[in-house]
Amino acid sequence: MSILTVQLGQCGNQIGFEVFDALFSDSYCSPGLCSKKENEAYQASCKERFFSEEGNGDLVARAVLVDMEPKVINQTLLKASQAGRWKYSQHACFCQKQGSGNNWAYGYSVHGPRHEESIMNLIQKEVEKCDSLSGFSIIMSMAGGTGSGLGTFITQKLQDQFPKSLKMNQVVWPYGTGEVVVQNYNSILTLSHLYRSSDALLVHDNDAIHKICEKRMNIRQISFSDINQVLAHQLGSMFQPTYSAEGSFHYRRSPLGDLMEILVPHPEFKMLGVRSIPQMSESSLAYSTFTWAGLLKHLRQMLISNAKMEEGINWHVRPPVSGLPTLGKTPCNKELHFNTSIANLVILRGKDVQSADLGGFKDPALYTSWLAPADAFNAWKTQRAFNKYEKSATLVSNSQFLVKPLDLIVGKAWNMFASKAYIHQYTKFGIEEEDFLDSFSLLEQVISSYCNL
Amino acid sequence: MGRRRRRLERQAGAGAEALPEAIAALSRTLPTRPNPETFRRAKFDLPEAAPALWRLLFHVLLREDDGTAVPYPEAQVRLVKSALRAHGYPRPALTQLPEDGSQGSRELLLALSWLLAGGSLLGRLLTRTHVLTGDQMPMCECEDLAHATACLDLPAPCKDTSNGLDMRYVQWLMGKLRFRWLNLICGHQEQCALLSKIHQYTQGCHSNQSLGHLSAAETELLRDPEAGQQLLWRLERENGRLEAALEWRRLEPIFWQWMDTVLGACPQCPSDTGPQPTFQAAISDRGHEELELVTRELQALWQELQLAAEARRTAWEAQVQIQGLELSTPQVLVSEAMVERQLATLRQAWEQWGALPHGPHRLVRCESRALPGGGLWGTEAIKALRSKAACLEAELHWLQGQCQQELAGLAGALPEVVWIPPHGH
Amino acid sequence: MTQSVVVQVGQCGNQIGCCFWDLALREHAAVNQRGIYDEAISSFFRNVDTRAVGDGGSISKGRICSLKARAVLIDMEEGVVNEMLQGPLRDVFDSKQLITDISGSGNNWAVGHKVFGSQYQEKILEKLRKSAEQCDCLQCFFIIHSMGGGTGSGLGTFLLKVLEDEFPEVYRFVTSVYPSSEDDVITSPYNSILAMKELNEHADCVLPIDNQSLFDIISKIDTVVKSGKLGKTVKPKSLVTSSVGASRKRHQKPFDAMNNIVANLLLNLTSSARFEGSLNMDLNEISMNLVPFPQLHYLVSSLTPLYTLADVNVPPRRLDQMFSDAFSKDHQLIRADPKHNLYLACALMVRGDVQISDLRRNIERLKPSLQFVSWNQEGWKTSLCSVPPVGHSHSLLALANNTCVKTTFVELKERFTRLYKKKAHLHHYLQVEGMEEGCFSEAVSSLSALIQEYNQLDATKSMPVQELPRLRIAV
Amino acid sequence: MLPADSSRRLVAELQGALDACAEQEQQLDQSLRVCRRLLGTWKPAGVPEPEPSHEDPSPGAPSPQDLKELELLTQALEKAVRVRKSPSKTAERAKVPNQKPRTKAPTAPAPPQAPGRTSSHTSVTRPTRSSHQPKVLTTGHQEHRLRPAQERATLGTGARATKPSLGDPQVTSAAPRGPEVFTLKEKGSLLRLPLAFQKTVSQNSRLWAQLTSTQASDTEEAAARARFLQKMQAASGRAAPGLSMAQVEAEVGTLRRACWLLRLHMNNETAAAPADWVQEYRRVLTLEGLQTMAGQCLRRLQELRQAVAGQQLDPWPLGKPPQACPCRGGADANWKPQLLLYSSTRELQSLVAHQLHTTMLAQQLHLQKVLMAELLPLVRGTPSPSRLALCRAVHSLLCDGGQHFPVALRDEPAD
């Protein structure tokens, strides 16, 4: 089943390119460390999901590129064609002349309705190229105007036009210290609206990825391209093929649908975070060996202590003693130490994967009281190695990961809102104070629900 | 010619030697293929025949396909009893049989005969296990619901329910169901695309001209002869059952004669005042709920209709009066006839719910509109499905609206709480 | 890609404009080596086939034939404009873009605003419309003018209203040169105050510049460069003030260096919209991010570095210095001290070989020394443009919405009050039709209100940042 | 928290629905796999295959070749990874174009066909071949024959028996011809069904036809059955058979459908724009007609209710037993294989999507009723803040199908 990617705005388009490139190079340029036959099946499965094939055998990304100004799209197309490994479809781009100016309201209320028809037509055409469409992956930033505002609008329209297809939004969370002044407004408007129209929000935190580049990849001068490559790696490790069931050697047919069924069935809990291990520069990789036990021990501690990478994990955090679940779980404590999960998915790739012991993730103390580990925990596996890592593990988690950042954003936006700053920029385009209040109350509810697990 | 032969046999009073034949034929037709001896033992109410008959009845009444897991005997017994009750089985003696399934072979034989005498059972059983060689539409809702409710009585592996259940878990399951459906729908879309390709590529391969192309199963048979062999074997087995069924048809009257003697051997039932089994009492009003619900829905509709009709009529009469118009008799007659026709179609629509593709339909790709043999056209089926969906949707929304009203009232009464319903309301 | 039209009004406006077009040509020539008319160039220039009859239809693609500035030149004296038309830039303009008179406004806002305003309204509109028609997607008008004189301040602000009515969707960014306290135009406080009211009401963003600051910056560069302390390490052509390598061979004038700074400001302001980068910033993002309340649209700007060292390998220390400088008092284009005042918001527009990590590092480093308003503690807007200014390896333009801009307004008001108390020169204004004393009082109360808004914000400065009570969830 | 009783019912209902879906999905998965295999490359029955079960890249039992290959690969790669000094990205990208995937479906090395083989088999099969079955295939310039599967059926041996063993001289000696790729797309139209299969199928449909015709015609048997039923009823000590639950249920179902069809019709009528007066007259008549019909339905419903109450019908058992589903034969076992015709992929997809949508709706509706019955009583009664969480969840489930959720804010100004 195929996944159609919609790349929106500067951020979405830059990331989208890296994601396709990562998928391609993992599938076709990386050794895979498995039999030829299995590698072929893996490639075929990846191709079906993310690429279509032209008559001459060229691979074309299943993607629609949308931006309100032409520069980034031109650059992205150029990059893809220069690399010459895969390409974007010629007719899958939509751009205008003037951006949304970091204004969510402009993207949502002006650009959205104005270009709805053209964009939806493009998407429809790409959809028709798929034998079967599992759903959409919508890549967008939350801080700006086009990604956030238009992205939200398009997600809503996708929900209207393709109610039976899944929608997962790849949401890029802005730097805490600010990259756009009105990022907190744009963020709360985006999140609250997506909560209504999207099935899952996979959050990518710029600060966290920045730190991974710095500490794990040893990059001195970190560029956006570095950051996006790390992000693409994580996404790739999530969406590349895995076996459909324990003991089966068929590749999973519908990763997007399965993932959602496992992680986000509850309407109030839709936010996902992703962690990968190991992550390191290629030069250090050559001198490292890993065991499944070691990787999973780290990954588990990353989960319960809410660490974003394998470095600097707080090893003192322990799950609450079972039988006394209320102690660590219920209070809406802003300094949450123990990170309670709703549901987790661990994806393992590489050598001897069947031998990996996942018992550590099946402890009921890790989860909310109303879900048993049997419901809340899942693991996907393949023995095909990912992206040059002999063994690698990825955790996709619906947990309290995001409570704190969300609480911060809502708090900051609320402060700004209370002083009425910048509101005129939004009312100009029809987003009224009432809309802000709606967004605030919805997100406060989400925070509260996540706190009261 | 068959008919004449049968008559001859009957006149010859071939009861004695024909009865075993009849029972053997019946036995071969039934799903668990009970030993014919079981029937004889049941006549004398021997307990050793009981387990096999409970099992048989369970399969006949509840199990879609044999072979899958069967609940433990107690559950079988309860399920069979409740199913028979629901079908209106008249003998209360059945309900008093012990739950361990050790007794009552004669009662069970009567029950089975009662079901057989209803007429449609065998046909249904045979269709249920019919080997399909063509490509089908996915299941229709009757089937699915039947399944869902049949599971109901099985001891479900519930979470620790002694402490009650967190509502969030129910929400979780609901959400899961939604995603599972979406996945399923998406998978079927792909299946359609692939089937359509197979049909297109094998156009003209089928020996049956009206079909034209091969189905996936038929093509697979050519790809994998071993599986094809299996299919063939299953078909042959079905043919055997069909032959047995025809045989049973022929000898049926003898069986009924014999059953009269079985019935005669039964002690007369007094009156049915036996205590109801406790497992039914707790939820006995659920059926009434359904009745009440429909009554409420209909009453609401009737009132709305009354209001609408009255308002329209008054408005129309006023208009007529002001403009001094008058309907001629032919106008009245034509109008009445038209409306009547329209309403008759409507009535038909609910009485024969759908010229819908129920059950096994072989999908046939046919690009030209003219086809020998005929069949149901996809476009027509879609139209029927659409109107059916509209109906279901209307009901669902009505119910949701009712809930909304009630809950809004309840929420409004909560002190110091601002209730913000989700968007779109 | 969008286009912008520069409207230069009055002597000062036209002189700055002149420097701007010169530098703009230079910049695009450096970036666009192939001589193909591309989107970046199109933002400020039209490509015209001069062989064609009449107007010479614009060419949207292909080789560059002849570039025409997207500009409207307005002056009520002919001097500066005529000089430009005879100078090396003459090919960039044509007579259809000009509006001149010979009489001048006599340093009287009222003459510029009321007399010439009504007299030239139609003509101005016609030229503006024409320039707008030649744009694919007109995004912004850049108005360059001075506050002290007559034409720039009077007609320049009249124009704002005209633009607002005629092109409500198009942004109006105003570069306003404020008079220094030792200004030689005696009526400049009157003109500035009257102009301020118009800026308050009709501009989207104002970039206040003050001659004194420009002069100080130049003096400082001179001292550093001439002191020889840096020796040969300063890269040639890298001075922000220089116009070396420019196409014109005109005699250098004292104001040229100062005007070059302003021209650089405009180039850097638009660079991220014109050129590629990993973090683009369109013009419409400026007001969105930096203007929290409609009236508070005055942005204090600073440019760094003022020169570049010849050594190609920039040590991070050097790069960090660029960021530090941008917040120092000495680098502001108006006399103001943002560091000791309250920030409402701040934009950092970086050009050249600088990565996001450099930007993040410096924001983290500088943040503790800066004060932000309580509701906008992380009020940063950032952009990364990969094309550096000519001669530089990298550069930074900082735009601050900071209460420090208030000082200029307060001083202005004081100077105005001193003059107004004596009713000095008032009759020159009142004899202009449509001009009443009420205009002055309205203007001064408008300014007072603006100052008051800044005062109120300043008052929150010392207060501890506290979380406001939020919505509370019942379950 | 829900009371245990409701919990059990709700969880059982939902779990049942989930399991049904999962089962469907599994079946679908399997048939998808079959279809995909069919659309890939394969060889029709009769062309020998050297390796069993190609489609499973089953490392659970890898072949010796696989193992060897894997071992070599791993060794080489591990060595490469350690030795290499972080190769530059550009170099890596530069070398890629040669690796550009031509993305062929994995082609199993098709064994060449033995030249003598076809002739030897045709001689064997000739007697069983009926004249209407031309099996001659023309593939390219060579003429081959697909060995029909019917041979095996008629010979009564399993498929394995005809599979050539490795020792089969005909296979081992075969090498000269190049591999031959069969795809449905190119050569699908040349396939023919084996005769044995055709025979069995036609026998099957003949039997079905016979069965249906006897059922339709037999009146004597029907009479015998009716007599038995009567006797049984009498022996059970009850009066004439009343309505069975299944019948009541069926009727209620019909009335429910009637109700919704009437409502839809009413909505159409009332939503229509005003027309000329004659038209309007018809509309009035229609509405009044609808009202009458609704009244009739109501009356019938009352009768049913009385029957349920008065006749002391047995209480409804736990859950509904599976009623005679019309789609699996149902009341009229007048089964006859029907054709469902479609003209394009899009139409088929739309048809199936509609079918599934309806099924899903029916299930939703059923669940809605169950949820209403279980949950509404819980939230009724005196409002209390402790009910709030329950209320929110119930609102979400009952008013939005669980897809959205309401927010409950504290009213008092927070401080």
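As written, the chains take the letters A, B, C and D, and residue 1 is the first residue of each chain.
Convention: contacts are C-beta pairs under 8 Å (C-beta built on N, C-alpha and C of every residue); 3 or more make two chains touch, one makes a residue touch a chain.
Note that the coordinates shown come from a computational prediction; the quantities given were computed from them, not determined experimentally.
Colleague: Go through the assembly and pull out the chains touching chain A as well as chain D.
Modeller: B, C
Colleague: Any chance you could check whether A-C or B-D wins on number of contacting C-beta pairs?
Modeller: B-D
Colleague: Measuring from the mean of all protein Cα atoms shown, which chain centre lies nearest?
Modeller: Per-chain C-alpha centroids ranked by distance to the global centroid put A first.
Colleague: If you average the CA coordinates per chain, which chain's centre is most distant from that of chain A?
Modeller: B
Colleague: For chain A and chain C, what's the span in angstrom between their mean Cα positions?
Modeller: 41
Colleague: Let me have the rounded angstrom distance from the C-alpha centre of chain B over to the C-alpha centre of chain D, please.
Modeller: Chain centroid spacing, chain B to chain D, equals 16 Å.
Colleague: Nearest whole angstrom, what separates the Cα centre of chain B from the Cα centre of chain C?
Modeller: About 78 Å, centre to centre.
Colleague: What's the distance between the Cα centroids of chain C and chain D, rounded to whole Å?
Modeller: Chain centroid spacing, chain C to chain D, equals 69 Å.
Colleague: What parts of chain A, by residue number, touch at least two of the other chains?
Modeller: In chain A, residues 164, 196, 253, 267-268, 441, 444-445 touch at least two other chains, as defined above.
Colleague: Specify, in ascending order, the residues of chain C that touch 2 or more different other chains.
Modeller: Residues 470-475.
Colleague: Quick check on chain D: which residues sit in contact with 2+ other chains?
Modeller: Within chain D, residues 29, 32, 353, 385, 388-389, 396, 400, 402-405, 407-410 contact more than one other chain.
Colleague: How about chain C: which of its residues touch chain A in the complex?
Modeller: 1-2, 39, 136-137, 139, 276, 278-280, 282-285, 287-294, 344-345, 347, 355-358, 360, 363-364, 367, 374-382, 384, 467-468, 470-473, 475
Colleague: Within their complex, state which residues of chain A touch chain C.
Modeller: Checking each residue of chain A against chain C gives 10, 14, 69-72, 75, 97-103, 106, 145, 175-182, 210, 213-214, 219-225, 227, 410-412, 414-416, 418-422, 424-425, 437, 440-441, 444-445, 447-448, 452.
Colleague: Okay, in this complex, where on chain D does chain C touch?
Modeller: Its residues touching chain C are 385, 388-389, 392, 407-410, 413-415.
Colleague: If we count contacts the way the header does, which residues on chain A are in touch with chain D in the complex?
Modeller: Residue positions touching the partner: 25, 27-29, 31, 33-38, 40-41, 43-44, 47, 53, 57, 59, 83-85, 164, 196, 244, 247, 249-250, 253, 267-268, 281-283, 285-287, 351, 383, 388, 390, 441-442, 444-445.
Colleague: For chain B, which residues are in contact with chain A within the complex?
Modeller: 159, 166, 168-169, 171-176, 178-180, 182-183, 185-187, 189-190, 193-194, 420, 422-423
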